[in-house]
Amino acid sequence: MLEIVSGADLIARAAVDAGVNFFAGYPITPASSIYAAMLKNLQAEGKVALGVSDEISALSMCVGASMRGAKSMTASAAPGISLMVETISYALVTETPVLITVAQRLGPSTGAATQNAEGDLAFLSNMIAGGYPIPIIAINSAKSAYDLTIKAINTSELLRCPVILLSEKDLIMSSYSFETDALVPKQIINRTLYGTDPSNPNRDGVFKTYNFAELHEVPEFVAAGSQAEEPRVVITGSMHDKAGNLSKNSNEALELLKHHKSKIVDNLDKYLFYELNGTQDAEIAVISFLATDLAVREALRSMPDAKVKHLTLQTLFPIPENLIRETLKGCKHLIIPEENMSGQYSSAISYITAGTDIKVHRINALGRMIKPEEIKEVINACL
Amino acid sequence: MLEIVSGADLIARAAVDAGVNFFAGYPITPASSIYAAMLKNLQAEGKVALGVSDEISALSMCVGASMRGAKSMTASAAPGISLMVETISYALVTETPVLITVAQRLGPSTGAATQNAEGDLAFLSNMIAGGYPIPIIAINSAKSAYDLTIKAINTSELLRCPVILLSEKDLIMSSYSFETDALVPKQIINRTLYGTDPSNPNRDGVFKTYNFAELHEVPEFVAAGSQAEEPRVVITGSMHDKAGNLSKNSNEALELLKHHKSKIVDNLDKYLFYELNGTQDAEIAVISFLATDLAVREALRSMPDAKVKHLTLQTLFPIPENLIRETLKGCKHLIIPEENMSGQYSSAISYITAGTDIKVHRINALGRMIKPEEIKEVINACL
Amino acid sequence: MLEIVSGADLIARAAVDAGVNFFAGYPITPASSIYAAMLKNLQAEGKVALGVSDEISALSMCVGASMRGAKSMTASAAPGISLMVETISYALVTETPVLITVAQRLGPSTGAATQNAEGDLAFLSNMIAGGYPIPIIAINSAKSAYDLTIKAINTSELLRCPVILLSEKDLIMSSYSFETDALVPKQIINRTLYGTDPSNPNRDGVFKTYNFAELHEVPEFVAAGSQAEEPRVVITGSMHDKAGNLSKNSNEALELLKHHKSKIVDNLDKYLFYELNGTQDAEIAVISFLATDLAVREALRSMPDAKVKHLTLQTLFPIPENLIRETLKGCKHLIIPEENMSGQYSSAISYITAGTDIKVHRINALGRMIKPEEIKEVINACL
Amino acid sequence: MLEIVSGADLIARAAVDAGVNFFAGYPITPASSIYAAMLKNLQAEGKVALGVSDEISALSMCVGASMRGAKSMTASAAPGISLMVETISYALVTETPVLITVAQRLGPSTGAATQNAEGDLAFLSNMIAGGYPIPIIAINSAKSAYDLTIKAINTSELLRCPVILLSEKDLIMSSYSFETDALVPKQIINRTLYGTDPSNPNRDGVFKTYNFAELHEVPEFVAAGSQAEEPRVVITGSMHDKAGNLSKNSNEALELLKHHKSKIVDNLDKYLFYELNGTQDAEIAVISFLATDLAVREALRSMPDAKVKHLTLQTLFPIPENLIRETLKGCKHLIIPEENMSGQYSSAISYITAGTDIKVHRINALGRMIKPEEIKEVINACL
């Protein structure tokens, strides 16, 4: 069926299709469009979608629901995400899957609620004190919203961790004519339940909430508050051993800290989403993401003979360093357009190109979208 | 007089000496030692020191008091700072001076309240959505706490912005025998009041809350709620023009955004605090800060003949790129010890050395201090 | 089936049987036993039962859910109910059905969480500023909990108002052997939906949220946020007209105020629950309620020849004045035992007997149950 | 000096004169006028006046400040007072002086913020679960606001308990021309400090936070957090013995409960404020209070020959039963005008006249003031 849908609609539809059965949020433009769609969609299915008293409560309830076995999700923009920082850290340490959809607008502070921006990258990729990355997956068009929402939820379940689904005002509040029959999940991943994977090596007959053999392995899940015959689940945000018991500074507790990082960094290949287009032996590379990717595509369509390699990144963090290095092989120019003040992703990956022969061209804009013409101009200057 | 004092005592004493007359906080280890000292010291002077219901209230009250003309301060650790993120952004945009003392402990999440760490650098330097830096000034010994607290408060007043005074559990909870007579502020800087600086060019007879001529200039201050004859003060966290009126996307409003960054980045030389020791033409450089600086000093004392250049950074952010580049001139080795998982400051400045001939040696530790022997060993390997 | 059940279990079972499909609460002894039972029972049915961040959120979410059409319920004790006072008033004015189960313990303030008491009567019957009663229905045994919970929920639906189901620690935390097969609701009342009652005179073709013809009539309900073809629902806690539009001081708005009272007071006969036992022409009357009713029954069983009239009140407020007057006809003595400091219900109804020939005997106890012997002694003295 | 002042101004002026040095509040019409005046007056004196995040925080901070030795005060209207109920109970049990100024408006719920009413009497006099009264002192004109504020603060200090100063929109927001030179406190009462009263019998060499010999005696005060040489202060809202140690159900703990009531009820003569005018042997009595007292005075002025006894009550609760009985001696008619739905004070004292020969005439109004003519008419009908 051909329908008029917005990015927010597609995110909400995907969330329900992926099995999300618990949503709690507090409205904020432009994330309110996701909030409204989730309330409508989930409640229509007899599932739980709540508007609650503030963002701290919203994410806390999602985390609690996920611990009980629900697939949960919230949505906000930077001012609200700021309030969630402590709880995101708690979700990471308690190894709780939860999807946090971030709809960017122009900050800092209250800023301009209805003005598009792509300026939350540095903040979102550094929220966890101690220096722990969490997956940040960015939609790059309204059309991509459906697939990437499912992939982000899958990632959250796979790794038992909070995942950021990054979007921006222009992507989720714009509507498109869309053939919605094709919208079916290609794959649904659910957290591995304790006892369901006979080959799982993380277990020696005794259940431990946070058990693993290798640092990067993800513990098997038991829902807190399950039936009496289930093993006891011990959950804490304090330093703990594999059983969940407080342990301030033991080797096992320190191993857990490394595990929180390894689990995410060393499994990156399982959730590294991107598209690589253009001429593979080109000397010019463009890396783009979010709505600005649309401008790049339009620029490149208008110059079909230009030899340009185009990497659309969907998994932005942890930085897919190998993919970027591989992409840049043989390149002399790297162009990175971002709708923020001075190129946050460029800065984040600048260590990759620093000192090499590759010249980096940042294209930035504040309070307005980057136009295809601007990108084209830079490409032309590099040719 | 020779007194036994802790780092927390020295911070609190300096705060009072610098003119802080409003403190609001919520207790959290190890920042509680600062909290307790502030309550004792300020209340003894008949000034306001409040324990309030949560961290959001604490910083919000500091911001409000500062808008009224007070010099205000709070103190917390990462879980509490997480809750303050939204309000820090608000303080930046409303150009409100406030000192936020951060006492690091081992995270993420609740972590281990009484375990030392230096792992909040990436988080603290990226808290403001949109990509805006705020000054982060780190004490590097209990003894340095007094002077650097005053400097941090001065910086906050000078720039009208939130300033982080960074410390860690081992520095503020350890006590020292100390000659306290010498503890007097070398300089006290107060925000420039409207009409007190005849040479100030930012004014054309009409007061505007956020007026400036050049992007990096700091607006003159009028306390909100002053007497009737004072000019009207308009304060907002939304995008605004120089008069404080809402303005979503005008050139002037966008200029304000640049001003928020320029004010801090382009005035760095006015609050760039550091010490440079050792052999200036050495091929080995050590950059250190926080408590780990003490270990470096001890290592270097034990190898007096080693040719090593030692930069103790007190102003960590915005990154003093020029100072670092200048320091590294002629160097072949850069050693950066940090008590965190993988070197957060090293990563932040990696773009400076990437691709150069300088070999970077990270020394990291988790859940324990870095020993002088470890540093010495790396230095010896570089000689 | 013969089961061991507590009063809390029976309340929770009844709530589910009566159609409650939304529970939100915050734990507090002794209401926690209801809280726990509701979480278990409702979640087992795939319905929503939430532990939330505080009591204000708990009741607010119940009110919101009820506005959407759910049958909702919370449970707390006096310290938590104190926090709900504002929202109870809001529920009254917005004509929102919700059941608030109150489990009494010994106050004031935190008091003694595990000590029984019957001291919340004066507080609960005067919570609404402006002087508006809400129905307070008290269980008088664990066995009565099932039926009275259903009746309380029915009352809430019938009148579209908050209803207090009053209990106390000893009634809900004690367990009994019970034949549970007989536990089926005798009657389930649901709020009248707009358009379902052709005889309803409150309507002239135009839906108004708060419509009625006579002051005591209950408006028909439309769930907020229903499908597009439904009429628009306007909800407010401010003074309003029948359509829900703000109206500060119009005749219609003042009529609404009277309606809030009339609806509850003038429909009392529809939810006046009580038992009348004993000798009808006796000169001695005992009025009892809550757990103390058990002591009265035991006392009377032990003196089968004593001519005593025994009124067990289940609907305590609004005061069933006519029933009490009728019961007291021909009586010379009225005995009212209450486990509180000086007889709160006695005081509340003292205007009925003041100046008459009826001598009122209060039996009170603090921090302990009233014994059957004490009651017997007073009866004997009256004979 | 002749000044134009409002009732709110006079309350704020009196509070400062009585020694209030801590105010915390959250704005709500019409109490905002007191809030604003307190901020202005106290801050001008260099004392602490705070606008905080909500009403719970406001009163909690007042209570905490008072425990530290401050004279503290807040102000709100019924919706805000509703949120303070739990903390008022805590202040009672912890024997903490604090003044709570209540500015009545038309409820219930949000109601009409700018519409006068006298409808909070039943709510305010029954707020403490367990059935404990707290003093409620009502101003009966703007002019009386100064004196009664001082008396209310004195009462709070004298009894170490929360005191309600009751007013209403029309009294505090109206302005008058006033000779302010005469505004000086006639008497200032401060809580008795431990060790300052050599005759105090409540002490046997060992300080106890809640010590007394007779139930009605008020414990001597030591500020929490005083110097080291001071005795240790133990504060709790749970049931406790005289030393402040938790004690669930001991005789001493139960004695404390009786003490909370006795302290207030049995000392009523020390804070029983009223005016008695008119003909003392009249058969008609009028009892009035709050703004309606002004209407009564105007009515009586216009009928100088009518034999009427007029009792203006300022201390409304605990009910001054003896004074009322004494006043009513020889009377055949009692007229009580109140601006609420059905006569809340009339109901509260109905047990005094029930069954006597005195005919009670209630005059009530909702959403408008009672006119002198209405009162005159009733008086004439009684003559």
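Chains: A, B, C and D, in written order; residue numbering restarts at 1 for each.
Everything that follows uses one rule, which is that a residue touches a chain if its C-beta (ideal position, glycine included) is under 8 Å from a C-beta of that chain, and two chains touch if they have at least 3 such contacts.
Values in this document were obtained by computation on a predicted structure and should not be read as measured data.
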Chains in simultaneous contact with chain A and chain C: none
Between chain A and chain D, the fewest steps along chains that touch one another: 2
Centre-to-centre distance between chain D and chain B (centres being mean Cα positions), rounded to whole Å: 49
Centroid distance [mean C-alpha coordinates] between chain C and chain B, Å: 57
Centre-to-centre distance between chain B and chain A (centres being mean Cα positions), rounded to whole Å: 31
Multi-chain contact residues (two or more partners), chain A: 56
Graph class of chain-chain contacts, one of line, ring, star, complete, other: ring
Interchain pairs in contact, sorted by label: A-B, A-C, B-D, C-D
Chain C residues touching chain D - in the complex, by the definition given at the top: 56, 78-79, 81-83, 85-86, 89-90, 92-94, 106-112, 114-115, 117, 119-123, 125-132, 236-239, 248-249, 253-254, 257-258, 260-261, 340-342, 344, 347, 350-356, 366-368
In the complex with chain D, residue positions of chain B that touch it: 46, 48, 50-53, 56-57, 60-61, 64, 68
